[in-house]
Each structure stands twice: as C-alpha cells, then as structure tokens.
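Several structures are given next for inspection.
First subunit A sits with subunit B, and in the next complex the same chain sits with subunit C.
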Partner chain A sequence: MAENLFYFLVFPGLLFAGVVGGLLSWFDRKVTAWVQFRRGPVLMQPFYDFLKLLLVKETIVPARGSVLTFLSAPVLALSGASISAALILLPAFGITSGFRGDIIVIFYLLTIPSISYVTGALASGNPLASVGASREIKLLIGFELTLLLIFATVIMKSGMNISLYEIIAYQQQNGALIGSLSGVLLFIPLIFCIQAKLGMVPFDIAEAETELSGGAFIEYSGPPYAMIKFTKYIMLFVLPALAVVLLLGGLSLTGTSILWSVLKILAVVLLLTLIRNTNPRLKVGQAMRFFFIWMNALVLIAIILTYSGL
Partner chain B sequence: MDITGLIIVVPVVAGLLLFVIPEQDKKGKDILTLLVTIFTAVGTWLIFRAEPGLVRLYTPEIQVAGENLGRIMHGSNEFMRFNIDGLSQITVLLTGIFGLLISVYSIRGVSQNDRCSNFHSYFLITFGISLGTIMADNLLLFIFLWGILALTLYKLIPAHDEKSSAAAKKTIIMIGSSDGIMILGIAILYTLTGSVTMSDISLETRSVLSYTAFAALLAGSFTKAGAFPFHSWIPDYTENAPAVSSAYLPASLDKLLGIYFLVRICHDMFIMSETLRLIILSLGVITIIIAVMMALVQHDYKKLLGFHAVSQVGYMVLGIGLGSVLGLAAGLFHMINNAIYKSGLFLVAGNIRSATGETKLDRLGGLSVKMPFTYICGLIFALSISGIPPFNGFASKWMIYQGIIDFGSGGTLAGRLWILWLAVAVLGSALTLASFIKFISGIFLGSIKENMQKVREAGPSMLTPIAVLALMCIALGVFATGYFIPKLFFPVTGPFEFYGVWQSATVSGLIILSIILGGLIYLATGVRRMRKAESFTGGEKVSDDRGYPVTGFYRTISNSPLLFYIYNKAYKGWFDIYLRSKDCILWMNNGLSRRHDGVLHTYLAWIFGGLVIILLILL
Partner chain C sequence: MSNKKIIPIGPYHPLQEEPELFKLYCEGEIVKDIKWETGYNHRGIEKLSEQKTFDQVFFLVERICGICSTSHPFAFANAMEEIADIEVPDRAKYIRTIIGELERLHSHLLWVGLAGHFLGYNTVFMWAWKYREPVLDLFEMITGNRNSYAMFKIGGVRRDITDPQIREIKKVMQVVKRKTDLLTGAVMDDPVIHARTKGVGILTKKDIADYAAVGPTARASGVDIDIRRDDPYAAYGLVDWKVITAEAGDVFAKAEVRLLEMYESIKIIEQCLNKMKREKEGDTEIQVREIPEGIGTGRAEAPRGEVFHFVVTDGSNSPVRHKIRAPSYVNIATFKKSCVGQTIADATISLAAVDPCYCCTERMAVAYDFASKERLYSGYELLDISRRKTEKIKTQKSQ
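What follows is the complex of A and B.
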C-alpha cells in the first residue's frame, strides 16, 4: 500500500506529473509568446500562478449555489487526473510493480476531470457557467467516440492487447505503431482529441474567455481554482504521454533515451501549441461535427487499413 | 411445504387476504405487507444459501373428489417443479431485496393522488408470483405465472386520467400479446423436443421452426425487460405511474425477470447460431443508442428515467448475446447493478415528486440545499448509471467492454464487428452521462426557484431504502473485482479470467484519500478567507428566468439536420411498434368496417353467401 501511495502522490502521480506539466505549460506559453513576438513568462511562472492561488488568494463561493458540490469538484478532478497519471506513466516508464489498470479504465478515469468541471460549474448557479458546462459536455460527446475508436484501433493493431504494458512491449518488438499508414492516420485525430480534452483553442468552447469570461471556471477562485490549474498541468503532461505510449513507442528513463523521450513529449506539446495559436475558436456545433464526421472518417479509414494489414 | 413453496404462496395468499381489509386501514395493511415481505426476503436468503437442485412441491393426491379429478392432478408433480440453480438463486435473492426495500419505501412513498387502489395486494401478489416465475422449471407453470405479472403490472398504475389510462392500456396490450407469442413459442418447442421442462431442453437453432420458437421466446423476454423493438411501453408507464411502481416493476423486477429468461433461453434452452448472435448483438446496440438519444431530449424526469430503463437493457443484451462466460457474467452483473441504481433513481424521483409536486426539469433546481440526502444518493446513482469509476455501473460496463474485446479475438463475422459494438456501447454511456448531468443539475444544482423555498427533505422511511441502494452501488463498485464478481458469478457461470485489469478497491481507496487530502487543503488554506458573493454575470441582474435552463442543453444536438428529422419521426411514434401495429390493425379493420354500410340487403347477401359456402364445404 505504501508503494501505491508513493506512486499516486509523488512519482509518477500527483507531484511529478504536476511539476512536469507545469514546465510543459511554461513551454506552451513561451512558444505562444514567440509566435506573437513577445518575450513570454519566466520558467517558474506556472508555479508562481499556482502558489499564489493556493496560498494568497481568498476563496469566493457563490451565494446561490450548492457550495459543497462546488468545492469538491476540483478535488475529484485532481484525483481522477492523478490516478490516470499514475496508470499511464507507470507502464510508460516500464515500472511493473504497483497498481495498474487497462486501457478502458484509463479511458474512463480521464473523463473524471471533465465531469467534475461540469458538475462544479452547474453547482455554482451562474448562467454563464451553465452555458460553459453544456458546451463542455457536448464537446465530450463529440470527441469521446473518436478517442474510443482510436483506442480500439490501437488495441487491434497491437494484437488485441488492452494493457499498456503489452502495447508498449508490442511496439518495442515490432516498431512504433505510427510507422504504418494507419498509424499516421490515427495520430491526427488523436492530437485533436487531446486538444479538445485539454480545452485548447480551437476547442476552448467551454471556457471561451472572450464571450463567457471563463465559462465553466468563472466562479472559481483561490485554492479550488489552484487545484483546477494543477489538474490542467497534469493533463497537459499525461495526455501527450498517452499519445506517445499508444503510437510513438513509449517513454524510457534509461541512459540517452531520456533525451529521446523528452523530445517526443515536447514535439507533441509543440504541435498542440502551434494548433492553438493558428486557429480561431469553433462553435460547439462545428466542433461536434468536426469530430463526428471528419475525425471519425479518418479513424474508420485507419481501421479499414488495419484490417488490410497496412 | 418447504421454503420454496412458502415464499411463493405466503405473499400471494396475504395479498389476496388484503383485498378484504378496507383501504381506510392503511396502517394495518402497511404492517402486514411489511411483515410478509420481511418473511419472504428471509426466505429468498435461505434459497440463495441452499444447495442447488430440483425441487418438487408435494401435491396431495385428491381422492375425495373422485377418479376424474385424481387423473387430472396426476401429472401435477411434474408440473410443480422448481429449479434452484446459481442463476435462479441470485435472481431470487435480488427480488427479495428489492421487494423489501420498496415495501419500506411505499409506507410513506405513495402520495395520496398517486395511489392506486389495493396497492398492497398487488404488490404482494407480484412479489410472490415473481419468485415463482424465477424458480419455475416447467415452461407451462412459468408462462402461467409470467402472465399474472402482466395483470398486476397493469393494476399498479392508477388510471385516473386519459393519459395514464392510455399508458396502462398500452402496457397490458404489449405485455399481453408478447405472452401470447411466448405460448406459441412454447408450443413449437414442445413439438420439436417433446418436453416443456427448461432444464431438459437444449435445442440447436437450425431449422425455421427452432428459429421461430427462439424468436417467440425472445420477444417475451425483450418485452418484459424492455429492449428494442418492444420497449415502448416503459417510458409511457414510468411517466404516468407512481415512482414506487416504476421502481418496483419496470426498473427492478421486470428487468430481473426479462434478463433472467433471456439468459435461460440463450444459454440453457437453445444453442445459438452465429446469425442469431449477430441479430441479438445488433438489437442490443440499437436499444442502447435509440433509447439514450430519446432520453437526452426529455424534459420530464420520470420519462427520462424510463428511457434509461430501456437503454441499459441494451448493455445486458450485449453482454449475454456475446455467448462467452465473461459476457454472461458481465450481463448478469449489469442486470444487478442496473436494478439497484435504476430503482434508486425512481425512488429519488418519488422523493422529488412528493416534496415538490413537479415532474418537469425546468421548473425545478437548487434542491441540493433543501434535500441534501436525496441529492447525495441521487448523485451516486447518476454517476453509477453513467459508468463513472469506481461505482458499480462502471464495473459491469468494464466487464461488458472486455467481453466485447475478447469476443473480437474470435474469427466470426459478429466478432469482426467488435469495434462497432464497443463504439456504440461507449457512445451510449457518454450520452447517458450527458442526460444525467441534465437530470442532476436540473433538479438539484443551480439556484433555487422562489416557489421551492418551503420544500422539505423526505422522511426516514423514504430515505432508508434509497440509502441502502446507494451503499449497494458503492459496495458493488468498490469491491467488484476483488470480492463480488467471484462470489456472485462463479457459481453461475463457472470460474473465468478477466481480460483486463481494474483494481477497484485500490483506486477507490486513492479517491477517498484524495477527498480527505482535498478537505485538509481547504481547511489549511481556504476556510479563513472564504466569503460568499453573488455570481458574476457581466453586470446583469440574475433572475430565475434569465438563467440557462438545463432543458436547452442539448438543443444543438437535436437541432442538427439529420437528427432533427429523426427526432420528429420519433415524436410521431414511427419507431413505436405498438402504434405501428395499431395502425396496421386499424387499417385491416378499415376494409371490414367499410362493408358495414347499414343497408339490410347487403347484410342479407353476406349471410346468404356465407350459408352457401358453409353448405358447399359440409357437402
């Protein structure tokens, strides 16, 4: 049990994933600044943001909402994100002890943050938050099917294995899954799904700073908002790591391959950052159609290609 | 008479006796009902613990009434045969639990205007008869008892206005005709095998006749459980019946019976062919998706729950249709879980209804402050049904998904389509989540309406059953893989290996730990500097009508071109087999009624023509 607690709280769960995610968030902001010809924040800026919210800022709770639900939502979001971080990163780093879960479990644990945001937003009783929540859940319906189809194709390509360990082992023997045509076709929708899951432009529909002033998060402040920020850091690391595990052959912590692993993650994050800096926000209907028709079509082609061995 | 007979006869006899006690003596009826239910529930526990085997009820040879009656009663020993095996034991136990919980709830839970006459009698008769149906081994006994249930179901909905009478009529017509089809199926089965004993029959589905028999029995089980295309009575029933009736029959007992019989026909009585498997899996996924799409756009929370009562059946059908041991256990586990959270949800709906009198989502809101206990239980049920880990709904869905992936490793056509089954099942669960966000937030979250300020939490007799069900949701979820699945299903299906890994207890422990840690963080940092403030809405004044009601949440989906078209057709009842066959029958009658022109000569001509034809045949 002590071992599991360590995996969950320190490495590779909560603390480690959060710190790496914070650094990645700095990377994202720095690249965004470069794109916009600014200097960008200092390296520690994400952590300053977090600590200020946690330690300095006051907590304001909505007068007309359900306070307990409102406050527990960020905790559950953080919990779901950290557990999925541990479940994804343990196999990614090749650590075989500790608790584990298959790809379906991970798929469902990864939805916990979204659900918690939605519930928290609705509990605040703010109409703008309601609009944000309704958009978040519709977006979730949109990309959930695509994400599942990608997972299913990966399962099929790696010989009907639903454990991440086996999927990585398969790739170590037979080369990364992206090495085939269907693998490339899978990578594109996967990146967009991650974009949507992270709520980045063009899918920042639920937050929509300019029209909903933060949407689902509008009422959050102080420590609860700090937890949401930390959850977002974790997700910013965990989802690219999942993409690397599923299609790019996994990570490694030994010797020079550390550098290679870091580069893989950075490349995925860079891709996400560039997409978010070069696109306008979609309407929620457009986003749903984008996933339901176009991205699903791509995955379907990939499935057919997989059946024919490409 | 041993316990098998007692748990059937005692509730039925008590129910018949209660007809005599006048309705005014409600307290006496309540107490008697409760006592009988407790006795029967204990009996079901004994059955659950008993050694499996066949039980023959001793029927005394009646000598006095003469030789004729003796001869009629001669074969009755064969008729009164009950099969106690793993499957019926677990179903009987659950029926006992639900009967007990709902009888406690019904003491206060049926409001005066919702009350149907002789509720207690029909409740007890349903209880005893259901237990008999589950244990019956002889198909004739089975169909006899199964038929009585249609009648009690009909009597448990008060037909006080046109709408509820229509719903009651629809229910009895659909269930009744499916019973008729089942009798046909049993007859065919008897012709093919020469036996009407379930445990003796094992028929290959090869000939047209065997397919027909299978389809006829399947229709019966699908109508009872509420799977496509025989599902359409459930939403109408739940919308109009009191919540306690919905929680009792369509949500729990009918599901248990229908799925129990589905398992019996798919795994015991027939050996399914590949084509049949494909058809059953398709029906399963169609059930999931169409019902959940309809649930998404409902504004009446009882009807919303009714559509989910249909949609969840799709998962069970999917699991059982896979034909593997894993799939069977998954389907049964989902049956149990669904019965738990669905009857819980209906009871929550009953609390809301009796506290507020409202059934429309857009007139409610913010009740979590007034009814905190109902809210927490409702949230647990909602998260369970949406398949959020670590609750029980996730555990059984996880098993079904695994079963599908495992099935995909086989080389059959249905197996090659595994991604399709999986995709629809997962999409269905995302849509379930979406519609329960609507349910929870529409009723409990947000700001409270002015006219709801006086709402009070329900009393203990209504909360206790809900709390027990919520605890069952948590327990069955948290200890799923470690304890409950091996304990409950290995006796039914034999031992099996999981395809994936889900350490339910560990993950639940971590979630509880994070809640504690989160609370500590709030205590350490937040509480000192916490203050309340009105919501920020860009400077506008917030009022009840200015909000964004949950009923508008999914308009983007229902207004998209293709779906808009389909929804319109669905509202007009295009996919309702009841309305379609009604149209068909009326159309056929149309031809006959046009002959009724009221002219005497025409009638005479018909009579004369008929006479001639009869004479020709007889000569």
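What follows is the complex of A and C.
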C-alpha cells in the first residue's frame, strides 16, 4: 500500500512526472523561442509559473457556477494524469511488470484530464468556456478512435500482448515497432493524436486564445489553475513517453541507455514543438475531418500492412 | 434571441488590443447576429483641433492612430494646402511619399504578423514583426522617432533625407524585399492557412458598395479604388506603380492584397529615392505666412484605406471646423456582413482581416429623434450626465 502510494505520488507518478514534464515544457518553450528569434525563458520558468499560481495568486470562483464541480475538476484531471503516469512509467522503467490489460486502463485514464476540463468549463457558467468545452468534446470524439486503433495495431504487432510490459519486452527482443513500414505509418497519427491531447497548435481549438481567450480554462485562477498547469506538464512527459514505449522501443533507467531514453523523449517533444510552430490553428470541424478521414485511413493501412507482415 | 448565447469579443479580449465590444449571438458555434458597441475611447480630437494652431494640429492628428501616424497629417496637409493654394516643392513631395509608403510597409507587416497570431500561428507573428524592425529603424534614422514622425508641415516637410540616408534606405529596402518574399511564400503556399482563410469572411462587391468600405478591404473584393491613383497627391502621380486587387473577397484575398502591396510600396520608395536626387538638397518647404479663409478637403490613402479630412478656416490661426473620417469607421461595419452565418473561429479572423483600428474611429454620437428630428442630448447634457455619474461613483466610494 505504502509502496503504491509512493509510486503514484512521488516516483514515477505525480512529482517525478510533473518535474520532468516541467523541464520538457521549458524545452518546448525554448525551442519555440529559437524558432521565433526570441531568447526564451530560463530553465526554472515553468516551475516559477506553477509556484506563482499555487502560492501567490488568489482563487476566484465564478458567482453563478457550480463551485464544487468547478473546483474538483482540476483535482480529477491531476489524479487521472498522475495515475496514468505511474501506470505507463512503472513498466517502462522495468520497476514492476504492471498487470494484464493495463494498456486498456491507460487508454481510459488518459481521457480523464480532457473530460475533467470539459466538466470544469461547463461548471463555470461562462459562455466562452462552454464553447471551449464543446470544442474539446468534438476534438476528443475526433482523435479518440484513431488513438484506440493505434493501440489495437500495436497490440497486434507485438504478438497480441495487452500488457505494456510485454509490449516492451517484445520490442527488446525483436527491435522497435517503428522499424517496419506499418510502424512508421502508425507513428504519424500517434504524433498528431498526442498533439491534440496536449492541446497544442494546430489543435489548441478548445483553448484558442485569440478566439475564446482561454476557452475551457478562462475562469480558472490561482491554485486550481496551477493544478491544470501541472496536469499539462505531466501529460507533456507521459504522452511522449507512451509514444516511445509503444513504437520506439521503450525507456530504460540503466547505464548509458538513460541518455538514449532522454534523447528519444526529446526527439518526440521536438517534433511536437516543430509541428506547433509551423501551423495555424485548425477549426474544430477541420480537425475532426483530419482525424476521421486521413489519420484513420493511415492506421487502417497500417493494420492491413501488419496482417501482411510488413 | 432568447435561445442564442452571447459570445463577447471585448471589452478586453486577446483578439484586439483596443477596447471594443462585439456581441456575437450564437447558436452552437454559428454566429447568427452581431451587435457592435464602441465609444470606450472617445478623445474629442476634432474639438481639440479647433483650439490649436495649424502647426499644433499636425502633432494632434498624428496621434489619432499610432500605426498609420503619417496618413492623418498627410490628409490634413492636403486639406490645408488646398485652402492656401500651395504647391509644395518636388523634393518635399518625394519625401512625403517615401514616409507614407514606409508606413504602409510597416503597417502591412504588422497586420500579417497579427493575422498569423489570430490564427494561432505565432511563428509568422514573430517573424513578421522582426522584419518590421528595420523599417522602424529607418524611421528613427530619418525622423528621430520610430512612430509619430512629426515630418509634415504646411508647405513641405520638416526634415530632409540626406544622401547617406538614401543609400541606407535602399539597402534596407533590399532586405525587406527578401523578407517579404519569404513571408509571402510562407503564407501563400501553406495548405493549412488556405484551409483557414479561403472562403472565410467573404465580402462581395455589393457589400463593399453598401458599407462604403475602403482600402485593402475593398480592393480584395475586386473594387478597384485607391486614392493614390484616383486623386493623386504628393508624388504618387510622378512614379510608376499599380493598384493591387483581388477578386475573392475572403480573408486570403485581403492577405494577398496586403502582401503584394508591400512590393508596390518598395517600388514606389525606390523610384522616389532615385528621382529625389535630381532635386536640390534642402529644398523641402515653402514658407507659408497666412492661411486664408476657406474650405479644404484632404484625402490620403492610409494603409487601411482612405483618410478624409475636412477643414474650415476663417483666416485666423486655427481651424474653425475639422472633420476627420478614418478608414476603420466604414471598414469595421462590414464585419456584420462578413461574420453572420460563420463559426466563431471564422468570425474572429474575418474581423481581424479588415485591420480595424478603433481609436481612429471613435466618435461621439448625438442622438436625434427620428420622427420629430429633435436632438435628444446636447453636448452639455452629456457632460452633465457624465458629471453626475462621477459624483455618484464618488459618493458610493466614500460610503
């Protein structure tokens, strides 16, 4: 019990994932700054942002909203993110072997932050937030099927294993799944799904600063918003880590392979950052069409290729 | 409108950095109707102008708009020179044109950046604004200010452009041209930008006529109007350039018109620099001792469209009446046409596409009763209302 609590709260759950995610968020912002001829933030900036929100800023609750739902949504989001961090990173680091079917649990846990944002936004009673919430739901409907199909294909490719630990073990024996044509085809939609899950441009539709001035998060301030920020840090680490685990051969904490793992994560985050800096925001209808038609088509081709052994 | 939800743009909104309020009445994400409220920023420029001398008015009208801060003095100078019947020296004409076109360059670059930002494409925002810097540096070199250049006076310009400065301007123009190529390529060839801007916020030729829209907004809908060509002032009649138009009328066409206009601006500046060398250095103004009684109208093509100044003088040293119409005044109204029936995402970029400038536009409204033609509020009554409100706020505070 105490051990499990440690896993969820300290390593590799809440605290560890949040700190690494914060550093990755700095990396993302720094690369963005380089792309845009700016200098960029200092290394600790994501944590300064977080601490200022947590310790200094006051919490303002909308007068006409449902207070309990509004305030519990960030907590739910944070717990969903940290549990999924623990479930992904424990087998990824080889600490425990997880359990059979954990990949399905992870799939559900990863949607909890999005669902919580929607609940919190709707509870705030702000019209801009409600538009943001409806966009978030539409986006979720758009990319969730693609993500599920990707998970299914990865399971097929790794010999019908539904445990993350066994998928990693399979890749360690037979080489990373991206090494095949269908693996490459899977990687592209996976990156876009992660982009959408993280709410980065071109899929920052729910937040859309210049349209909805923050959208789903418009009413949040102070510690609740700090929690949302921390959730985003965790997701920024967990989702690239998931991509590495599913297709790029997994992570490792032993010896020189630490460096290799860090490079893999950084490469995925770099890819996400570059995509977000070279595209304008899509409209929600366009984003749904993008996932429903193009990304699903890519995954279906990958499935057919997997059947024919490519 | 009970089942329609109101989505506000303003009074404080990241889309526009000025105070304004657009209420979008939406069903789902579709905008069904809009209401527009401004008047947050009325400064009484026209009234102020009547209390200042002609020389001071230049500095006043320069501050109507921070971005197109030369177009207002330009139009005012045109109006005053019509009253006084003055022909400014050719060198002054060229300098005026150069300042006007440099301003168009930096204003269009600013818009391209902002449009990118509104679409969530912050890289374009930062790049465009970086490429705008050399133009502002040029202004600093020529006039001493990056904005509000104080270059114009009745009868000419305040500062000459020297030969070393001409060389520097030419050098920078080459740089700006290269960077514009790059930006144009990035915007015109990006499929996602096409997806976001093509067919969005369409204004037809009829809409332009109905709302009397001007400038790039009108030219993007195929309405071929440009004060620089239709009513040539300064050196625009002396150089070779063409008016850019596009047919589609959507946001993409507006971007296209602005980007291509930048090339025309560079062309005009380079020609002016070459022709300027033939004029005598220092011959930048003629002395004007007196402004006679009269009525003058001045027009100038600001980056956003036609600026119109109407001045009445009575032989004294300040205007008796000074009426100003900024291009945004007519252009913002087209938003009602371009946004209804679209989604919120499209509505925001449609609004931004006309490059609205609220502080240029703010006017005080006097209400008339339609039936009896009676004035509902006089200026003193409004002042009285405002004073009573201030009193009320004060007493509330003290309680």
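In this text, the second predicted complex is superposed on the first by the 305 of 310 C-alpha atoms of A that agree within 3 Å, B and C clash if a C-alpha of one lies under 4 Å from a C-alpha of the other, contacts with A are read in each partner's own complex, and residues count from 1 in each chain.
The rule we apply is simple: contacts are C-beta pairs under 8 Å (C-beta built on N, C-alpha and C of every residue); 3 or more make two chains touch, one makes a residue touch a chain.
Note that this is a predicted model, so its numbers are computed, not measured.
Asker: Considering only touches as defined above, state whether A:P202 meets subunit B (first), subunit C (second), both or neither.
Answerer: second
Asker: In the superposed arrangement, does A:F237 touch subunit B (first), subunit C (second), both or neither?
Answerer: neither
Asker: Who does A:P127 touch here: subunit B (first), subunit C (second), both, or neither?
Answerer: Touch partners of A:P127: subunit B and subunit C.
Asker: Look at the residues of subunit A and decide whether subunit B or subunit C touches more of them.
Answerer: Larger number of subunit A residues touched: B.
Asker: After lining up the shared chain so the two structures overlap, which partner does A:F37 touch, if you call subunit B first and subunit C second: first, second, both or neither?
Answerer: In the superposed model, A:F37 contacts subunit C only, not subunit B.
Asker: Let me test your reading of the model: by the given contact rule, A:G101 touches which partner, first (subunit B), second (subunit C), both or neither?
Answerer: Only subunit B is touched by A:G101; subunit C is not.
Asker: Determine, under the contact definition given at the top, whether A:F187 touches first (subunit B), second (subunit C), both, or neither.
Answerer: neither
Asker: Look at A:S213 in the shared chain and tell me whether it touches subunit B only, subunit C only, both, or neither; answer first, second, both or neither.
Answerer: A:S213: touches subunit B and subunit C.
Asker: Please work out whether A:V284 is in contact with subunit B alone, subunit C alone, both, or neither, and reply first, second, both or neither.
Answerer: A:V284 contacts both subunit B and subunit C.
Asker: Could you tell me which stretches of subunit A are touched by subunit B in one complex and by subunit C in the other?
Answerer: 127-128, 130-131, 134, 213, 284-285
Asker: Show me the residue ranges of subunit C that touch subunit A in the complex, using the header's touch definition.
Answerer: The touching residues are 5-8, 13-15, 26, 28-29, 116-127, 130, 190, 192-193, 195-196, 343-346, 348.
Asker: Using the touch definition from the top, list the residues of subunit B that touch subunit A in their complex.
Answerer: 366, 368-369, 375, 386-389, 394, 398, 401-402, 405, 408-409, 418-419, 422-423, 426-427, 430-431, 433-434, 437, 440-441, 444-448, 499-503, 506-507, 510-511, 513-515, 517-519, 521-522, 525-527, 529-538, 542, 546-548, 550, 552-554, 556-557, 560
Asker: Considering only the defined contacts, which subunit A positions touch subunit C in the complex?
Answerer: Touching subunit C from subunit A are residues 32, 35-38, 127-128, 130-131, 134-135, 201-202, 204-205, 208-213, 277-286.
Asker: Okay, in this complex, where on subunit A does subunit B touch?
Answerer: 4-5, 8, 54-55, 57-66, 69, 71-72, 74-76, 78-80, 82-83, 99-105, 107-109, 111-112, 115, 118-119, 122-131, 133-134, 137-138, 140-141, 144-145, 148-149, 152-153, 155-156, 160, 162-163, 213, 218-219, 222-224, 227, 284-285, 288-289, 303
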